[in-house]
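Each of the next two complexes has chain A plus one other chain: chain B in the first, chain C in the second.
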Partner chain A sequence: MNYTLDFAPVIEGLPNLLAACLGTFTLAICGMILAVIIGIGGVVLRQSTLAPVRWLVIGFVELIRNTPFLVQIFFIYFALPLIGVRLDPTPTAIIALGINGGAYAIEIIRGGVQSISKGQMEAGLALGLHKAQVFRLIILKPALRAIFPSLTSQFVLLTLTTSIASAISAYELTSVSQRIESDSFRSFEVYFTVTVFYLVISWLMMRLFAFFSARYFAYPVK
Partner chain B sequence: MNEISSSKPEGQAMISMAGVDKWYGAFQALKDINISVGKGEKIVLCGPSGSGKSTLIRCINHLETYQKGEIRVGDIVLGHQAKSIDAVRREVGMVFQQFNLFPHLTVLENCMLAPMRALRLSKVEAESRARQLLERVRISEQADKYPAQLSGGQQQRVAIARALCMRPQVMLFDEPTSALDPEMVKEVLDTMIALAEEGMTMICVTHEMGFARQVADRVIFMASGAVVEQAPPAEFFSDPKHERTRKFLGEILGRH
Partner chain C sequence: MGRDEIIFLLIGLKWTIALSIVGFVCGCIAGLFIALARTSGVRVVEGLTAGYIAVFQGTPLLMQLFVVYYGLALIGIKVDAWLAVAVGLTLHASAYLGEIWRGAIEAVPQGQTEASKALALSYSSRMKDIILPQALRISLPATIGFLVQLIKGTSLASIVGFTELTRAGNIISNQIFQPLTVFGIVGILYFIMCCPLTIYGAHLERKFAAQAR
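This part shows the complex of A and B:
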């Protein structure tokens, strides 16, 4: 073991790596926003009185949760252009992350909605509110609060999953570090640094979620 | 139709149920219910557990569907269409055993939500109405607290105020004191008595027989999904006609 550490290529590439961290952050945040929209929308459709609509949601969840993310992102990037849908790597990655995270979010948020007592819905209806109003104004917030820890860990996972977008050369931390590594052959130094960066990004995400939670779910419960 | 009109008392009926049947699958929860409640009348609905009394009042604001018969509130025929259900729910307030306050909203916000969203009142109007009714149930000093910070009795009084904020014609109470610690029952009953004295039309499912004696115009006794007997409280307690009523009264009064 006569390996001499040489961080010079990493330091040289630092501006690139930091910019790539921002890229990772952007993919993660945009993916999460899309995932939340799909998650909440999916839960609403999952409760539809029309059976085919419910089946569609169930089918979507099963399809996404039982296939690899790499295949999903390849499908969007390489297969969809054949039917005329051509997207750049970054939008592709965001959509793939949003769809993947959304499928998991549907199941998580649905669990939260089911944990809210039926009495809440009844009280809202008895006060003359419509079902949709009851869901939006009464059920949603306590439901999200109930499952927020699960959602947080799912979204930290989503943040780390952004590294798979390197397979289609989206602009993010893993693909930029691969470039530096293949130019310098400093594998240890590059991936050590990248590991630290991912740790920091995950930690920042958790702080962000904790901040959000403290702000929006501040009401006391028994 | 003859039977329906003959079951109405003098004056205009605020609520009438005619030939209402309800099944849960093969189990019949309500059997040919014919009840008429006049404006300003106070009804206490009692009976053993599983007799269908909660189911009955939950049909009036369509929290439960029913398969046969007709329910009217004022001049609205309830039916099963969203439009008539909405109209009825705006006229009928309900108080639940478990309070069902919204935990993420303050007491004031709990009271303002429906008037703003269902009646389209402005925020200013909704707030002044809410404060006025919180004052009426003597809990205005808790307006900015969250439900979890209140005692059960306080929560139930807020729930009453919240229902009153819709200015309902009728109030339904579904065992409003059953989930309360004994020392909190009185404050809720006092609130209900005050409401009764102001002339509100009320149907109360309750086992509080003292309340029934004090405020009810009529006590309705149910068993096995059917109305067995109805009478003014004095007569109901002193001279129950049916064996099942006597048995029930023996159990419930013997216990206290």
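This part shows the complex of A and C:
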């Protein structure tokens, strides 16, 4: 074994890799936005008075949480064209990430909503707010604040999950690094560098969430 | 989907289960040492293990598998995909379980440590007989939650080229051109493995929460 590390192909591919980091960010942020929408919508439906609607949400959450993302993304990738939706791999990946993250978000946000005491809701209604206002102002915001730390770690996980989108060749860091690897055969060098990139990306995500938390949830309680 | 295809999937399922067990058992052993090092009280050791955990929690499992796969080849160890994936999953699990158990060890009331020190128990006896049994109980729901995550994580071995359940599904779906049927069945097989664990973990969590009240 006389292997010498050679990072030349990595340095040569650096502009492509950095651009691909933006692709990863785009996937992650779009996936998160979709996940929050699905999460809040799911929590509302989960409280429906119609039992079948509640079961549907529970079934969706458990189905997504107990199967691998890789299988989900393949399934969605092949299923979308059948229902007449033709999309490029990257939007497909965003949908898959949103659905996956959404299932986890439903469970997390539901925990937060349950932590708001009933008296708060009753007080809101007694003050003449209507149901939507009570949900938005009295339940949702304090609930999001309470579950923000777990939402943060779930979304950092979602950011790391974007690497699996390379399986359907969406545009992001892992698929670009695989292309450089197959051109140069410098597998270890490429993947080692990209691993460091991911470490920086997940650190940046955490900073971003800490910033949001300080910006929107920094009001005093009690 | 004929009989042969089903059998091929079940062989893949066998490898998924084998990978999960090896990754979890080896990860538990390594994770225990990580957790003990992380709570050892020696600053350098604690810092190093904190870094180890941060690296594995801050990078995708897929990249970890790639780096281990090509890294082992680099230092002259010729390995097949199976062993490389097993090593990768073990390292991954050791970091996550180490962090879960660190939290659990720290959640054991301080008085327990002080009492066992006052009774002049040795470090190993204090850990083995007093702290770890209590910590294990506290950590059980989170540990089971991670096991589910690990079982799902084994699917990434397919990208490295190891034929477990997901890759078996991929191969068959390319042969018979029925991706939805094949991946539907693959998904159901994963669901059958993971769902009982999830339910059991949630059950334990409720039970412990009720007892703590």
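Everything that follows uses one rule, which is that the second predicted complex is superposed on the first by the 219 of 222 C-alpha atoms of A that agree within 3 Å, B and C clash if a C-alpha of one lies under 4 Å from a C-alpha of the other, contacts with A are read in each partner's own complex, and residues count from 1 in each chain.
Definition applied: a residue touches a chain if its C-beta (ideal position, glycine included) is under 8 Å from a C-beta of that chain, and two chains touch if they have at least 3 such contacts.
Since this is a predicted model, take the numbers as computed values, not measurements.
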item	value
Fit or clash between chain C and chain B when superposed on chain A	fit
Touching partner for A:Arg145 - first (chain B), second (chain C), both, neither	first
Touching partner for A:Val71 - first (chain B), second (chain C), both, neither	second
Partner chain(s) touched by A:Leu137 [first = chain B, second = chain C, both, neither]	first
Residues of chain A touched, compared between chain B and chain C (which is higher)	C
Contacts of A:Gly119 with chain B and chain C, given as first, second, both or neither	first
Which superposed partner A:Gly41 touches (first chain B, second chain C, both, neither)	neither
Which superposed partner A:Pro220 touches (first chain B, second chain C, both, neither)	first
Minimum C-alpha separation between chain B and chain C after superposing on chain A, in Å	22
Residues of chain A that touch chain B when the two form their complex	117, 119-120, 122-130, 133, 137-138, 141-142, 145, 217, 219-222
Chain A partner contacts - residues on chain B that touch it in the complex	61, 63, 86, 89-90, 92-94, 96, 98, 100-105, 113-114, 117-119, 146, 148-149, 159, 162-163, 166
Chain C contact footprint on chain A (complex, rising order)	1, 3, 62-63, 65-72, 74-75, 78-79, 82, 156, 160-164, 166-167, 174, 187-188, 191-192, 194-195, 198-199, 202-203
Chain A partner contacts - residues on chain C that touch it in the complex	55, 58-64, 66-67, 70-71, 73-76, 148, 152-156, 158-159, 166, 169-170, 173, 179-180, 183-184, 186-187, 190-191, 194-195, 198
